[in-house]
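One structure coming up, written as structure tokens, with questions to follow.
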Amino acid sequence: MTALDAPTLTFDCRADFADELIALARADERIVAVCNDSVGSSNLVAFREEFPDRLINVGIAEQDLVGVSAGLANAGYIPFVSAAAPFLTGRALEQIKADVAYSDRHVVLCGQSPGMAYGELGPTHHSIEDLSWMRAVPGLQIVVPADPAQTRSAVRWAAASGRPSYLRIPRFKVPAVTPPDAPFERGRAVRLVEGTDVTLIAVGTMVSRALEASDLLNEQGISARVVNMTFVEPLDVPEVLAAAEDTSAIVTAEEGLVSGGMGAAVARVVAESRPVPIRMLGVPTFAPTGSTSFLLDHFGLNAAGIVGAAREALGQG
Amino acid sequence: MTALDAPTLTFDCRADFADELIALARADERIVAVCNDSVGSSNLVAFREEFPDRLINVGIAEQDLVGVSAGLANAGYIPFVSAAAPFLTGRALEQIKADVAYSDRHVVLCGQSPGMAYGELGPTHHSIEDLSWMRAVPGLQIVVPADPAQTRSAVRWAAASGRPSYLRIPRFKVPAVTPPDAPFERGRAVRLVEGTDVTLIAVGTMVSRALEASDLLNEQGISARVVNMTFVEPLDVPEVLAAAEDTSAIVTAEEGLVSGGMGAAVARVVAESRPVPIRMLGVPTFAPTGSTSFLLDHFGLNAAGIVGAAREALGQG
Amino acid sequence: MTAVQTAPGPLELDEPAARIYVELSERLRKASPSEAAPELARISTRIRRDILTTIQAAGMGHVGGDLSVTDLMVTAIWGSLRLNPFQPDDPQRDRFVLSKGHCAAALYSTLASCGFFPQHRLTDFMGPLSPLNGHPNRVKVPGVETNTGPLGHGFPVATGCALGGKLRGEPWRTVVVLGDGEIQEGSNWEAAMTAAHYGLENLTAVVDRNQLQQGARTEETKGLEPLDQKWASFGWEVRVIDGHDHQAIKEAFGPSTTGRPVAVIANTIKGKGISFMEDRVEWHHKVPTDEQVRLALEELSR
Amino acid sequence: MTAVQTAPGPLELDEPAARIYVELSERLRKASPSEAAPELARISTRIRRDILTTIQAAGMGHVGGDLSVTDLMVTAIWGSLRLNPFQPDDPQRDRFVLSKGHCAAALYSTLASCGFFPQHRLTDFMGPLSPLNGHPNRVKVPGVETNTGPLGHGFPVATGCALGGKLRGEPWRTVVVLGDGEIQEGSNWEAAMTAAHYGLENLTAVVDRNQLQQGARTEETKGLEPLDQKWASFGWEVRVIDGHDHQAIKEAFGPSTTGRPVAVIANTIKGKGISFMEDRVEWHHKVPTDEQVRLALEELSR
């Protein structure tokens, strides 16, 4: 059932992102892709070949990227804005706030290579802040797919949603973690493993690591539930409440800052309704130099780190 | 002791901000003020008269505002960057991240008219997001003065700190709340009222309202401690732990988004160490039209709202 | 305690006014600039009156920039573009974008004059829970294309509108009005480059060149000159006009002759029409007293 | 489980190299452009070698832009400016800012050549916990003035440096190097306007005009021409040169003759010096194989 059982295939989800976008674009001529000199890095070369007019490249200009996309939405298009996550969210934040969220435009912001996917390129190219920044933009839906299947579902869902959203597209390779029959619904988490002692709530690249951790905890006699939170906004509040109700502690894990991210959203629900011990795993500060997997290990964002946090939260540290 | 006792004088803290900056500039020629066509709105006319060369106006260009300030710091100046909080934080976010925080430049970012101080001008001019956005910039110190005395202390402290910081300067009129002998130290909160049942943790404009709420709760037989958190980053963790230890519940109140703000910082400490019920008061979403005080009441950010939240958190709702 | 306050209702069509707008604006659109000018001047005077009383009622506003942009806005909306108050989101409408969103009172007054909502609703300007917020909100105010207020946003959005129209091969066009101080924002130069690159001859960008920004003259704050050369070097067809001459404005709003987007540098006077406000920086957002409003209305009726 | 990994130590002064830099660069600074050119060319070849082997060791990098900027960077740092490896934060140093921060390998190679740290440390480039991050970090690398990587940051910061120098009345100057694709970012045009407004004749902005950005040619992606007119209309003294001609570069880096800031549009070739990389978009960040590095080094030693 989990990543430990067998050698696991892993995927760079940009391919599924691009394929699904092309499929959508074939069916709906309102779909356009908007880039900032990021056609290659967003894997949109094939999209451009098939729809040369509907791939709009505004050059290296992120404020314009988002403003133009809001204008394209005004003109009846459904823009998928595809840019490296740190520049999209950090450079165009006020455009995301005013032109997209506050103006309630159906624009799909696609943060490529998020978290520490650009490991060695360093903190300017890391997007550990995006979930915190985007959570503090009212009205923006935030989706963090964990694998290829969810990436495809997220693209389809966002195209149909009619409202602004931010999709965090994984580049760091991840295994498939989503059961074929799992629902993909607004504000709905996916419970991947049942468990009674502790709940591990993860998003994106951390989901497969939480599954590994759950296996390890099981071996230690600790029953760990695993939840893929998928929607950071709106959060699956009932699923969080169930975790606080059914299990004695919660561990959250995300490839991003702890301040204000998914874990903070979970902590708020728990603190306001049913306090239980929580451990929030994430990136504490600007990262040093290193590859993505080096950095994830460096910050304890792996199965062992999650196991340690779970034991600590259960008072078995 | 609190605002209910007598008709209370209230202050627009920009005057104290500007006076203190002038006093500093007289003593230290490295101090410069940097503006974005905001000389008047930042109350810096007198500064410009006295130091015409040291008031640098880059016009309406916030990215440049922050970048130029980082360069001035490189050249040995201590820039106080003074601009309306929503534009400073939202428009120049990546400059704040890369040029100031990650480059570790001693730049003092002064967010003017924060929260909903520009009531009727609407959400584009409100800065309900700044604390969440700035908390997600590693290495940035965040200070929210609550009254004129703290505003002056914050300016002095930031000039001496040697590290980047964000000061949130109140414009909405507030009464004096800080005892003359209260310390102003990095990461140190100010406990204003002792209490044993519940702790009210507030910042900025909410501090005087928390004091009022404490009086009202007292009348209802509930002993409410009041803490002015002042430093959102670094947070006064011992003071939060003491609240969780000594009292049965915590209410946080801030003029800003609940997602990722001061309350979230408090909730994290509590959730990770000593879970107690929390109620987090703040602004839930983009505000409708109205004056600042209308909007504060609209969102329950007043004494009555704090009282209600405290009773709820204590299970006496 | 949540305040109890009845929100003013949503803004609804003013049918008689809308009917007049549809007919008269069609005539003015088709008329020659010199024929249309007198009527456009009359409408502009009416809008100036509405701006003054709207700001008086609210006790807040940006009167200087409202009055400098009035003739431009009226000529665009009444004399050049085809808006549709009966169906504000008519896909075939022309787009008018006010990038200098602080001049919401001018926009609201003009939209009301077209019947997008009744003129009497202008008294709600900035009132509690009013749809007529201090900066335009498209979700609440029919006729507004995008929410502006932070400077440097409307132009990229308008560029996207025009690009969308061009991609669709549709005939409608987009006019965006910028403040001169506003174009110190780099986001505008990103949009200027994009519009030129995509050959958006269906886009007109108008600079309300009143020489003043919030705190001082533009050339003292951060000089913009030679402004025509800036636009030309960014690939635009440039037209420099008197921004209070309705005939010249209507001419300048005519189609591109080069296949390039058109930049209209409209020389204007901040506070135009009210002698004691003209070209004075403090009237950026000073609020006239009742007596000053009386004097101002008197000047306008001369 | 936190990985156990020993961080490479901090970067320390290479004293012999620093001594050579101080002496030789003073000679080159004072020499006429034509006298200095041969030595600057020799240093540039050495830097190109270091760039190639540094990227080879890391298995990552932006080789095309590194090679197009080499002659500009070497002429600035060795032939025009006065840096101080013995005291990297010497208040009187000249400032060199690499705005196109993805060309960190070129900067690190050049700083090492000046003795800011030993050349052998270049093998740490992008290694685990290395101070030599993929984009320059001033806190860890002596000689770096500000952390760059996101495009459009270095120029405003350099403008602030120059403004600071001018306010202080100090003689040091600032040179900032921009990519041509980079100047599609509006933040640069904000800085261009600021520098002109404040008359920063102590600032030189160099555009590495290699005609290519990440994905395609600049003129296909979002055209920049007429680029000289853009800078001139923003109030700059403009010099257009061959960015691989050391004599022309050194001349262009001379003082302003107009009291205005100086923009140098340096026509360059991306991948310059390596035949199979020249002017090819894929070499923006393609990594040469060992065989390709061998061929490249061979070309350089001709």
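Residue numbering begins at 1 within each chain, and the chains themselves are lettered A, B, C and D in the order written.
FYI, a contact is a pair of C-beta atoms (placed from the backbone, for glycine too) under 8 Å apart; a residue touches a chain by one contact, two chains touch by 3 or more.
A quick map from chain label to UniProt name: A, B = Transketolase; C, D = Transketolase, N-terminal subunit.
Everything numeric in this text was worked out from a predicted model, so none of it was measured.
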{"item": "Chain whose Cα centroid lies at the greatest distance from that of chain D", "value": "C"}
{"item": "Centroid distance [mean C-alpha coordinates] between chain D and chain C, Å", "value": "44"}
{"item": "Chain centre separation (chain A, chain C; CA means) in Å", "value": "40"}
{"item": "Chain centre separation (chain A, chain D; CA means) in Å", "value": "36"}
{"item": "For chain C, residues contacting two or more additional chains", "value": "137, 147-150, 152, 184-187, 190, 193-194, 197, 222"}
{"item": "Junction residues of chain B, two or more chains touched", "value": "58-59, 61, 63-64, 86-87, 90-91, 94, 98, 102, 124"}
{"item": "Chain-level touch network, classified as line, ring, star, complete or other", "value": "complete"}
{"item": "Chain B residues touching chain D - in the complex, by the definition given at the top", "value": "32, 53-54, 56, 58-59, 61, 63-64, 66-77, 94-95, 98-99, 102-105"}
{"item": "Residues of chain B defined as touching chain A within the complex", "value": "86-87, 90-91, 93-94, 97-98, 102, 123-124, 129, 132-133, 135-139, 257-261, 263-265, 267-268, 270-272, 275-280, 284-286"}
{"item": "In the complex with chain C, residue positions of chain B that touch it", "value": "37-41, 57-64, 86-87, 90-91, 118, 120-122, 124-125, 288-291, 294, 297-300, 302, 304-305, 308"}
{"item": "Chain D residues touching chain B - in the complex, by the definition given at the top", "value": "91, 95, 137-139, 145-150, 152-153, 155-165, 167-168, 186-187, 190-191, 193-194, 197"}
{"item": "For the chain D and chain C complex, residues of the former touching the latter", "value": "184-190, 193-194, 196-197, 222-224, 226, 229-230, 232-235"}
